[in-house]
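Each of the two complexes below includes subunit A, the first together with subunit B, the second together with subunit C.
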Partner chain A sequence: MAEIVRLASAGTLESSDVYVEIEPWDEGIELQLESVVKGQFGGAIESAVRATLAECGVERARLTVSDRGALECVIRARVETAVLRGRGES
Partner chain B sequence: MRRSMLFLPGNTPNMLVNGPYLGADALILDLEDAVAPSEKDAARLLVRSAIRDMDFRGCEIIVRINSIDTSFWQADIDAILPQRPDLILLPKSGSAQDILTADEYITRTEERLGMAPNTVRLMPLIETALGVENAFAIASASPRVAALFLGAEDLTADLRCQRTKEGREIEYARTRLVTAARAAGVDVYDTPFTDVNDDAGIRTDAACAKALGFTGKASISPRHVEVINQVFSPTMKEIDYAYEVMDAIRLAKEQGRGAIALRGKMIDAPIVNRAQQTIAAARELGLGREDAQ
Partner chain C sequence: MSTKVVKSIREAIALTGLRDGMTVSFHHHLRNGDYVLNMVMEQIADLGIRDLTVNASSLFDAHQPLADHIRNHVVTGVLTDYMAAGLGREISRGLLERPVEFRTHGGRPSDIASGRTPVDVAFIAAPSADPMGNCSGKYGKSACGSLGYAAADAMYAKKVVVITDGLVPYPLLDWSIPEIYVDYVVEVEAIGNPAGIVSGTTRITRDPVGLVMASYAARVIEHSGLLEDGFSFQTGAGGASLAAASFLKDIMLSKGVKGSFGLGGITGYMVDMLRAGCFQSLLDVQCFDLQAVESLRTDPRHQEISALHYASPTMRSAVVDSLDVVILGATEIDTDFNVNVHTDSNGYIMGGSGGHSDTAAGAKLAMIIAPMFRARLPIVTDRVTCVSTPGRDIDVLVTQGGIAVNPKNGVLAQRLKDAGLPVLDIHELKAKAEAITGAPKALPKGDRVVAEVISRDGETLDRIYAVPEL
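Let's look at the complex of A and B:
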């Protein structure tokens, strides 16, 4: 399991990007999502975030995700970057 | 066919998403100058994910990694190579040893990933006086080298001269690179024209590069792509003449004639070679005689 040991962020609030903040958390994944397309794609965005966390081995973290219409590959890259930074590996 | 190569900043999703729709034959996803040191990690993962998951609609994918005198380049290769980009653009290539250093690491990475040798080719970016003087050694340092690329902005800084629209200050570098690349049997690409609002200037600059023998030209602006594609495509007149040359060759062979003339001019081997290159380019663009039938 990969521990998030510090507050970290990745991405921007520019169009087609997503801003991800991650911080240590005691239990499970706490996810707060804000998106211009939350109504249509909120579920898909959350799935992409959770899948990336699982691939990175993160089981405990609190995330704030501010989406500006990012493609799934952008969401995955930004979450992974935030995880690496939150682990102190990047 | 690689006529135009458009630079896209590697950490800007909006540009990456729109890249495939801008008309360029190749996209250069930039991890070097367009990315701040604090964002190298983010850009590397974004470019990796984009290559892996996005549809680039047939555009060739070139990744400009960081130069081998930085602490970033090996991590760039580790992240990017598994996605099999068409080319790695290696900035500040100054000597054959620089190419061998990058080549050795790429070779080991390809082996580790189970990829065939030289799956990912290398395009050295020549942007120093030393690189220009070593151009042939760089171009022939490894079979992985597919092309040379002239970078005039850094070069003119190294030469301690002003970069001008007319480009007299890079005439030597241009001709030197074309000669070195052709001698080594690889392609060669011209530096971007940096005034994005000068529509006449980009046409003149691209035509100059084509006349010198460059294969194509890079651009930092989507506005320049169409002009570059036009300039580096064969014209219908050139295509028609190329087919006339090949028809004349065929007819002469049928008639058992050795010497061939067309429009009062002897047809020799260089003219035939050029005609074959023109027809190959026309076919790639769907402008060949076969495409019309």
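Let's look at the complex of A and C:
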């Protein structure tokens, strides 16, 4: 299991990118999602974020995800990078 | 010496007899730098006149104060050919009770001329004018070049007010609009902000995706069977369209093709093509940059035309009827080749036809150039959010991932395949994009109509609905 110990971020607010902030949290995954394509891809984005967290072994974290139309591979990469920075091993 | 000069916009408005319920018109050559619409509407509001219809050839974000005039019922009707995203978002949220009427750059002057949408008072923003109202866009500190969209307003409005920041002694020669149409002239400090009127330079894209699209676009034209002596061409001012023009220029020069005319909103790139011998002439309804303004002023081969002459469907003929190839943009295109340029994929108004459907209808080859997807949204959809230009007028879609030819044009598809270009079915192109982006969920449609899209022939082409809160 990966513990998030500090506030960390990855990505940008450029078009086609996503900005992810992650911070320590007591219980479960708290996810705040904002996206320019929320209507079309809101569910898909949330699934991608949660799946990436699970793959990284993160069970407790609070995330703010500001999406500007990033592809799924970009979302996964930004979340993974934020996790690595937040757990202090990167 | 005779004069039509009055001392203020307010006095001119009073003299025209403008009353509640009438229609005022504006043209958009000063684009996002325009001060005139706001200055006039402020005086109209201050005079207590209400319930007006504004007929503007285009509305930009600089015209945001119009939203307040709508809230205060000074303005209760809007007719336009294009609306930028700022005002568009408010309209899409239901700001205006009566639906906005969108026309095309050809349909608008046609309806003004026929009396279907009569104009009571036209306000002409003129970078240069004399005291009797002869005016031009080619001279003065706010020079914008062509005044083509204002011509029908001047000819058919009941009263015409010229507003200028470049008053010169009578007679101004080389006028765009002659004094015979003008009732009053007002001198003001500034009609616009030069930085917003014309771009210093318009640039071709450096984005590699845009350059691939542009190179395909040029090669489609090369192999279309239309690129021979007498060729005529229009393109937009977008980065990829300009890059396509630049590639096309190289092809024309290397093959020694002597074209006939370049049309449209004119940029420095079209001026370069004229000077290089790609065209005999440029026909110009609007200048996009300083090089175009300079060329219109100094080169007799570069000719100003009115919007009626450019694109009207009801004149004996218009230039678009003689056009070979046009390159156009799209926010969405569907598998029937219908194109949306009015709204974004969330349904918010952020544009309009302008000359899109006029040139698509007139040109022998109407090409859409667009990336396979933007910000995760595929360009090809099952059904566009809004039909701006019907699919029957579109011949080909060029993306970085391949070229889809409208099945109505089987000859073109075969020519492009023979030339080794990556031609594929539009459904395949849609699937190819969705393999990368995922399939977008369809959005719920609002139930209130906020705008009506009227085709160049006067038919209702589509309706735009209020965007429901998510």
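One rule holds in what follows: the second predicted complex is superposed on the first by the 90 of 90 C-alpha atoms of A that agree within 3 Å, B and C clash if a C-alpha of one lies under 4 Å from a C-alpha of the other, contacts with A are read in each partner's own complex, and residues count from 1 in each chain.
To be clear about the criterion, contacts are C-beta pairs under 8 Å (C-beta built on N, C-alpha and C of every residue); 3 or more make two chains touch, one makes a residue touch a chain.
Model, not experiment: these values are computed from the prediction.
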*asked:* In the overlaid three-chain picture, which partner chain does A:Lys38 touch, first (subunit B) or second (subunit C), both, or neither?
replied: second
_More subunit A residues in contact [subunit B versus subunit C]_ = B
*Does the superposition put A:Ala10 against subunit B (first), subunit C (second), both, or neither?*
first
*asked:* By the touch definition at the top of the document, which applies to A:Arg85: first (subunit B), second (subunit C), both, or neither?
replied: first
*In the overlay, answer first, second, both or neither for which of subunit B and subunit C A:Ala70 touches.*
both
*asked:* From the superposed pair, tell me which subunit A residues show up as contacts to subunit B and also as contacts to subunit C.
replied: 15-16, 70-72
*Show which residues of subunit B lie in contact with subunit A when the two form their complex.*
12-14, 16-17, 41-42, 45-46, 48-50, 52-54
*Touching residues (chain side subunit C, partner subunit A) in the complex*: 345-346, 374-377, 436-438, 440-441, 443, 470
*subunit A residues within the subunit C interface of the complex*: 15-16, 36-41, 43-44, 68-72
*In the complex with subunit B, residue positions of subunit A that touch it*: 10-11, 14-17, 70-74, 76-78, 80-81, 84-85, 90
